[in-house]
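Sending over a structure as structure tokens; questions will come in a sec.
We call the chains A, B and C, going by the order they appear; numbering starts again at 1 in every chain.
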Amino acid sequence: MFAYVVRRVLTTIPLLLIGTFLVFTLTAISGDPLARLAQLDVDQAAYDRLIDLYNLDQPIPQRYVSWLTSAVQGDMGPSPSQGGQQTFDLVLGRALNTARLAIPAFFIIAITAVTLGVYSAVKQYSKLDYFVTGFSFLGISLPTFVFGLLLQVIFGIWWFDWFGARPFFVQGMRTVAQHGWLDMVRAHVLPIITLWLVITASESRFQRAAMLEVINSDYIRTARAKGLPRRTVILKHGLRNALIPLVTIWAIDFALLLGGAVVTETIFAWPGLGRLLLAGIFQQDLNLTMGVVVFIAALVVVFNLIADLLYGVLDPRIRYD
Amino acid sequence: MTDREVTHPEERPPGYEGRSSTVGGEVPETEHLDPEHVIDELEGIEAVSRSFGRQTWDRFRRHRIALIAAVVLFLLTLAFVVGPWLSPYGFSEQDFTALNQGPSLAHPFGTDTIGRDIMVRTFQGGRFSLRIALFVAILTTVIGTIVGAIAGYFGGTIDALLNKLINLFLIVPALVILLVVGVRWGATPNGIALLLGFLLWPAIARIVRGLFLQYKEQEFVLAARAAGARAPRIMFRHILPNTFGPIVVNATLLVGVAIILESTLSFLSVGVQDPVPTLGNLIEKAKGQIDTKPSAVLIPGGFIVAITLCVNFLGDGLRDALDPTARKG
Amino acid sequence: MTSTTPLLDIRDLTVSFKTDDGLVRAVNGVDLQMFPGETLAVVGESGSGKSVSAMAVMGLLPSYTQIEGSVEFEGTDLLKLSTRAMRKLQGNEIAMIFQDPMTALNPVFTVGNQIIEGIRIHHPQISKQAARERTIELLALVGIPEPRQRVDNYPHEFSGGMRQRAMIALAIANEPKLLIADEPTTALDVTIQAQVLEVMRTAQEATGAAMMLITHDLGLVAGVADRVQVMYGGRVFEMSDTDTIFYRSRNPYTRGLMTSVPTAAARTDDRLSPIPGAPPSAINPPRGCVFRPRCQHAEDACYEEPPLLALDATGRHLSRCHFAEELPELGAQDELGRSA
């Protein structure tokens, strides 16, 4: 098992190298930070110092190698667009803000998706099944930013027009320490609903398909023939099997949620990783962009590994050796 | 024994002959098989496919929502094509006497901050968005099918590379790459379409690869191979027609994915830039005024949802019609 | 046939499914009796309605099926029982062995736990430890080596034959009165088939259960069954004791089955000759006798009038054929067949 984990991590290293090099190169050639510097009114000495600090006069592969050399030592470099703060600290701070949305969203999504998927599979062709199918079609078809803006219009404008109050905040983050419990919750609700709809829609569809396949399997018939109650048949024998393929989906979704929701954070002015990434990209801040990308990549690798290990726990047919 | 009913072989019902010889009794001498003849026989399957087309249409027609979706999609496309042409305004034409107005008779959707008619911009935006999405779907399907077919049929290096690429896109999400490159190359409709096309094809390639992997071991392929048909002929004449259903379904669904991605990028100001309108950048322009003029956000948003909903329902209906084995229940 | 009161008494059972293409009548007025301890073979091609009848007895048909008639088990009509009451019988009084052992066991639970679960659901008073001991005994009974170790294995660690043995152990765990085996050996290697049949016989002896052996293979039936019921197109075509069916069959379909199955043909030293044509459509069955389109003996009467299931003079032999009495003797037909 330990050997498996080590081997898995080792095999992702080439992919990580290629991926970071790709993003590094693309970011580097997408914009010219020197042109931006030239627009600023800085003296020649400061200009030269900046070029020297970020190796801007060197070819891209060489810059990548020096970035990588520092990065593997834990030094992600300073972020010029954020006043020279350390990228590592910036990413970490913003990651915590993102996690405030991602963690509750993930659990709400997982629970609702499994519930909806299982119910609609068990009650195939019932009204509820059609409702869930319709819901997931809507969720898949509704771009996050349209849904988020719609929530803002409903709760920020219409609700205020009708009832003279706003039940939820439509902009910005609130913390318990600074604003108290109630305001913290009021600020979290809409972004979490936004994240919830789109991901739940696709996950519940997937869960439904997985559950349908399981329900029609021979071993479910065996379980019924044993005289087990319906609940036991569906939850113990059915769901246990239907969750196995969902583990991978969960891992990817959770990793991407923790990696920052660019759209949701933009709409609700949430100071998370997604907006940090956008800032890095728009201001051609290579260190910052790379910092966020490496963080996302690391999340995906780690969560995929967790998913693989969970697979082994859930499915005895899989062995790691 | 003489009076008993005797059944002579020639009196046996039709369809009887030849069957007994395969189960027991004497096996007839194998006829000489002409490879081309065998291939022609295999292609005789096409004669049956006319009734397959009929069945497909019947199944599709039964899927009422998909049919409605197809009609709505057609009407929307028509509106996007004809709308800007019928409108008295050009999509980048400014009217400085009517800045930032709400809906009125002259401007049913209102005007934007620099006096452009939002209605004509919405229809023109829909036209650009749809054009981009169609371009993406076609580009993606062509690249994805070719790579997937080669990877599935031959396996080996290309297959391994495809696998690595898919894993790579998992580690570095496509959206991140799109954001990084979109800033510079995504500003025009063709630019964004090319970017999306180059990033989305692995999804199709994976599906086609799976289908080829599955079909290449099937008997009609083995028979064609035994008859001496070459790989390209087997791939494109024998296997590809069988993968047609799933490919068409996924190409359709890709239109929806492309619309969502394009509008999302435009919304984040990474995609198509003003003055060229797309449904996404219209919303991006209007979101600052969402408090005072929510209609400018909701109308293009509604069009995006209408298109993606129709495309997804259409794709679902096509899946039922073209690929009846794909779904259970 | 140790007793005259039937354990299972199916009367006029009709099972239909609604499909896009119309109403499918999978079982059409079937009567079937089983007596305590006996073995009844239900034989027919796929689509003959044999498995659907068994599923109706087990209460495993999906809720959208229309079931008519009656299925009396020890005097109570199973079709009228509530799901809850039916559950008390499933796996307890009536148990089933399925065709494909590779998929019939849940892959994520150990074989032992699946059997223990089956015991404890009906006997909650039995402790886990006792149920486990019982399971080990059962595994030993069905011939699984080292049952004490094997009890903790997962299904994928068992071979196909072993899995079917485990399924048999599961089925007899609560000493059922009726054991339904639906094509229990079809999915297995030929070499394993005989062993599994032997295990089933052992299991039946150990529990005293009556066994309904559903199969398409008449050859399998000979040494095992007391009586044979032949089904075709959702109807009973012939029923009698095994010897009578084999040596004095009064039905063209049964005879066709016998000469088309390699093992049965070998037994009767006949040459193989498959039944021409395909089983009838359950949506639009042919007019008259459903077997008519494939029958060598068909005459005008078979086209006009569906034959009834009729008793012969002995009173122990049922056959559905207008010409049941006129058919040639089996031995004679043998020689004719060879000379033809």
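Assume a contact is a pair of C-beta atoms (placed from the backbone, for glycine too) under 8 Å apart; a residue touches a chain by one contact, two chains touch by 3 or more.
Not measured: the values here are computed from a predicted model.
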What chain pair has the highest count of contacting C-beta pairs? A-B
Among the chains here, which has the CA centroid at the largest distance from chain A's centroid? C
Averaging over Cα atoms per chain, report the distance between chain A and chain B in Å. 27
Per the centroid of Cα atoms for each chain, what is the distance between chain A and chain C, given in Å? 54
Quick one: chain B and chain C, Cα centre-to-centre, how many Å? 47
Complex contact set, residues of chain A against chain C: 217-219, 221-230, 232, 237, 240-241, 244, 314-317
Give every residue of chain A touching chain B within the complex, in rising order. 12, 15-16, 18-20, 22-23, 26-27, 29-31, 124-125, 137-138, 140-146, 149-150, 152-153, 156-157, 209, 212-213, 216, 252, 256, 259, 262-263, 266-267, 277-278, 281-282, 289, 293, 296-297, 300-301, 304
Residues on chain B engaged by chain A in the complex (per definition of touch): 164, 167-168, 170-173, 175-177, 179-181, 183-185, 256, 260, 263-264, 267-270, 283, 287, 290-291, 294, 297-298, 301, 304-305, 308-309, 311-313, 316, 327-329
In the complex, chain C touches chain A at residues 58, 60, 83, 87-92, 95-96, 98, 100, 103-110, 114, 117-118, 121-122, 154, 156, 167, 170
